[in-house]
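By written order: A, B, C and D. Residues from 1 in each chain.
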Amino acid sequence: MSKLCTLKEAIARHVHDGDCVYAAGFTHLIPFAAGHEIIRQGRKDLTLARATPDLIYDQMVAAGCAKKVIYSYIGNPGVGSLRIIRTELEAGRLEFEEYSHFGMISRLQAGAAGLPFMPMNQTAATALEQANPLYRRVTDPYSGREVVVVPALNPDVAIIHVQRCDERGNAHIWGIIGEQKEAAFAARRVILTAEEIVPEEVIRSDPNRTLIPEFVVSAVCHVPYCAHPSYTQGYYDRDNDFYLEWDKLSETPESVQAWLQEWVYGIADREAYWEKVGAETHRRLSVPPLYAAPVNYGEY
Amino acid sequence: MTTFTASELMTVHAARLLRDGDVVFVGVGLPNLACNLARRTHAPNLVMIYEAGVIGARPSRLPLSIGDPTLVTRATSVCSMYDIFTLYLQRGNVDVGFLGGAQIDRFGNINATVIGDYNHPKVRLPGSGGSMEIAGWANRCYIITPHQKRRFPEKVDFATSAGFLNGRAAREASGVRGGGPQAVVTNLGFLEPDENGELVLTAVHPGVTVEEVQANTGWPLKTAANLRVTRPPSE
Amino acid sequence: MSKLCTLKEAIARHVHDGDCVYAAGFTHLIPFAAGHEIIRQGRKDLTLARATPDLIYDQMVAAGCAKKVIYSYIGNPGVGSLRIIRTELEAGRLEFEEYSHFGMISRLQAGAAGLPFMPMNQTAATALEQANPLYRRVTDPYSGREVVVVPALNPDVAIIHVQRCDERGNAHIWGIIGEQKEAAFAARRVILTAEEIVPEEVIRSDPNRTLIPEFVVSAVCHVPYCAHPSYTQGYYDRDNDFYLEWDKLSETPESVQAWLQEWVYGIADREAYWEKVGAETHRRLSVPPLYAAPVNYGEY
Amino acid sequence: MTTFTASELMTVHAARLLRDGDVVFVGVGLPNLACNLARRTHAPNLVMIYEAGVIGARPSRLPLSIGDPTLVTRATSVCSMYDIFTLYLQRGNVDVGFLGGAQIDRFGNINATVIGDYNHPKVRLPGSGGSMEIAGWANRCYIITPHQKRRFPEKVDFATSAGFLNGRAAREASGVRGGGPQAVVTNLGFLEPDENGELVLTAVHPGVTVEEVQANTGWPLKTAANLRVTRPPSE
């Protein structure tokens, strides 16, 4: 049964005001096109959960979509601060919950595994544990020592970008796999965006590469270049220039709103966006192919 | 005498702290440079791992972020973030962690969270990322940072990552597996923990005075009896 | 740094009397050659841990290597009973610890993750929990309900068979991946056996396929056909005939000892074993190739 | 009238219990045959998953074990055992589980562990494998077994897997997510739980009498008011 639809339809159907959204990806495969579509559709009061909010959440917060962020690192990786989220947090206009990466990822792992919590060894640092009441402790019944625990995170919707999937939603992912699998299994609904929709025979030729199975997927959208200015391993490079540029663009509310107007509100979809990005950037971000060694599953 | 930028100086000294065969949890910026330098000189078997889940990276260009595709292509292995924090870091498979932060205090505790009060801060910093667990669980931690008074308060506003807490005994009592900070490499010299876990000045770079280091440190800094002058970069 | 050595050397160096051994593999990649080498070297008092002891532990118990088994299913999969282990258990001559598969695998996962225990939801069945005092409970601090927990399992040595690895021990595995990764990270020492030793470039061409990294590996042994009568996906088929034959062979101690004499004690190594198995079986277990779809990592 | 072996009869009836789109945790033997039959007839979108970590198997031959390579080649996905038991089963992604065992009792509890006392048993059986968690967490469970008195005691010697414990209220009080056993398919007919979770005779195969079923059941078996006669296999 095909779940193919446009990204516009998928967002309209599966992302509602007030939802907790997890747009997955650690640097890699961040589904920017989906974030932009959520902005265009004017969603409000979202709880935006991500280990690294990255520019995608900075933009969504700037557009007024969010009432809360859940995170473990609010930086522009390798550049500096996420100015908009930071300003809103410092002004007290945005609710937040903060973890370490491991705490955040353990919350997703518990959610994905169907467990109420996950244990973590103590780190000797207790300040964040004291600041965030969702950190708790339980006693290891074998040693009598305490471990730190965090509760399951089960987002209403996860958005996952992948290299390729079939129209039912069985997805191959390679390169940095961050927390995509965990987010997909933890969420109540999953929107998959893909660089390529392929026949199921391609997926079935390499089942160990399939991190997400069809039956946790709600919608499948064919969205080439969905991740720009993030990247898709093997398909296009990370646009580091834009990450640096955003640091300047986000210095004033006016320049941010002008950017949103030009690149989000004024654009129909990712196809129009990628055309507007232009041939020079397409060339700059193109990547020569380099293939994995063959793998023989055997005709059993 | 050749002149070096402060960054080059810190990079070379950080590289020298690495041993051949070390498994290093690498951050962006200087640690990344230091690891690449070490791997190309005295530590060809250094294994670079990244919190993004990359093991044995061989970057062909300098990555801006720790999730760059050049880290993946020709890496030894790539795994999930949950795996990197459990199978690698929590399990004790990481020899060295590099850390930075807005504030480092007298006992090597690090603040990467807030300046001021947590709920009403003057500045909200990016936060822990991987550093809370790296500081707790890597066998050895090194801190690379410019030496400025505001970065070296007597006590951090918020202890995102544990150094020796309020003394080595406190860290040991916590039962945490890692050895804690072994050295702070700055543009002025080295601070290393004494038997009580207090950071003391153990080396200055050529031409740097003890007074200059003290003037840039927010607590009465002890100086090691055998204060060294560091060996300059060799080219 | 190469860790290449013969299997004989690896067993001599890394498997000691009294050790807890985990020879990994759920049906797939079971390292029979290593089990036979342990028998030949006359190891005693081993604790043999495996979710599914399979014929390999039945043979090792028959040879007198074991003082204890830790397991979750002591059957000959699809055939019936493991007659020797069952007889020894019923006679009280073999110590044991019993779990469900999930309990067993959770023990390994805790051991691999460096955690003291792993939580599991209740199943409503409590008999095994009551029979095995290593099952405990902790209270979920969020809901107040109890979860069941098992303690970390950290074997002294894990033995892992893989399709291919480099001489440092970075290993590609595909097909059923059972608990290989968890066993490798949980164990104190790891012996890797491989169908093929390949240049590190092959491993580095597909890093997402590398489940085991060099720095948890103690020894690397080139042992083609190591897994027979189990199998290696893409290399040779499972010898179901032998699994059926063992059911008969293991009916009497005499026929078992005769088999051990002929196929273990009387054999120098796996190469001699495979030659003795014979051309007809080689043909019967051969598998036509079927390759995975290409994967492009990109030349970044 | 065509004749069928008891196995064929049970396989066909088990297949009919499956719905199109069901995600089924498959065991070896009859469940495997039943799933393949269902997928080739009324349930083309059936997803077969195996505790070995295989999802969406398309076996081209009948596997002897649940870890056969033919399950992997052309499967949709393969994952670790830890993942299959957490992400799939514990998370609630499995619609149907098939179970068997040496003993099934009045409330659908199953024994796959020992005959007799746990520490000094008459027979030590293979043990739980995946069945403890399948019985707890699959939305619906079905049991396929030959109908013999020794297999249907009033109370199992050891409850490896939970049916309705000593009544449906007890299972509900445990808070476990799965719906428990929905039907026992035997060579004589169907047993299904009543409102109290007690297995009652709801159907007999053509030519089977209630007395015959009672004679092969170890407790006073209730018969449903609307006892059905099953529809024979159609070819």
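Just so it is clear, contacts are C-beta pairs under 8 Å (C-beta built on N, C-alpha and C of every residue); 3 or more make two chains touch, one makes a residue touch a chain.
Computed from a predicted model, the values in this text were never measured in an experiment.
More C-beta pairs in contact connect the chains of A-B than those of the other pair, out of A-B and B-C. Chain geometry summary: the mean Cα position of subunit C and that of subunit D are 29 Å apart. Subunit C has its Cα centroid 37 Å from the Cα centroid of subunit A. Computed from the mean C-alpha positions, the centre of subunit B lies at a distance of 39 Å from the centre of subunit C. Among the residues of subunit B, those touching two or more other chains are numbered 54, 68-69, 72-73, 78, 90, 137, 177. Across the assembly, subunit C contributes 114-115, 120-121, 145, 174-175, 177, 181, 205, 208, 233, 237, 287, 290, 297-300 as residues in contact with two or more other chains.
If you draw each protein chain as a dot and join the dots that touch, the picture is not a line, a loop, a star, or fully joined; it has some other shape.
Within the complex formed with subunit D, the residues of subunit C that make contact are 26-28, 51-52, 71-75, 77-79, 81-82, 86, 89-90, 92, 98-103, 105-106, 108-109, 120-128, 131, 145, 174-179, 181-182, 231, 233, 237-238, 240, 243-244, 287, 290. Note for the complex: subunit A touches subunit C at residues 114-121, 136-143, 145, 147, 149, 151, 172, 174-175, 177, 198, 202, 205-206, 208-209, 233-235, 237, 287-300. For subunit B in complex with subunit A, the residues that touch the partner chain are 28-29, 51-54, 63-69, 71-73, 78-82, 85, 89-90, 109, 113, 118-121, 123-124, 126-133, 135-137, 158-162, 165, 171, 174-177. Considering their complex, residues 21, 23, 45, 47, 54-56, 58, 60-61, 68-70, 72-78, 86-87, 90-93, 137, 177 of subunit D touch subunit A. Put simply, subunit C touches subunit B in their complex at residues 1, 112-115, 170, 181, 185, 200, 203-205, 207-208, 210-211, 213-216, 297-300.
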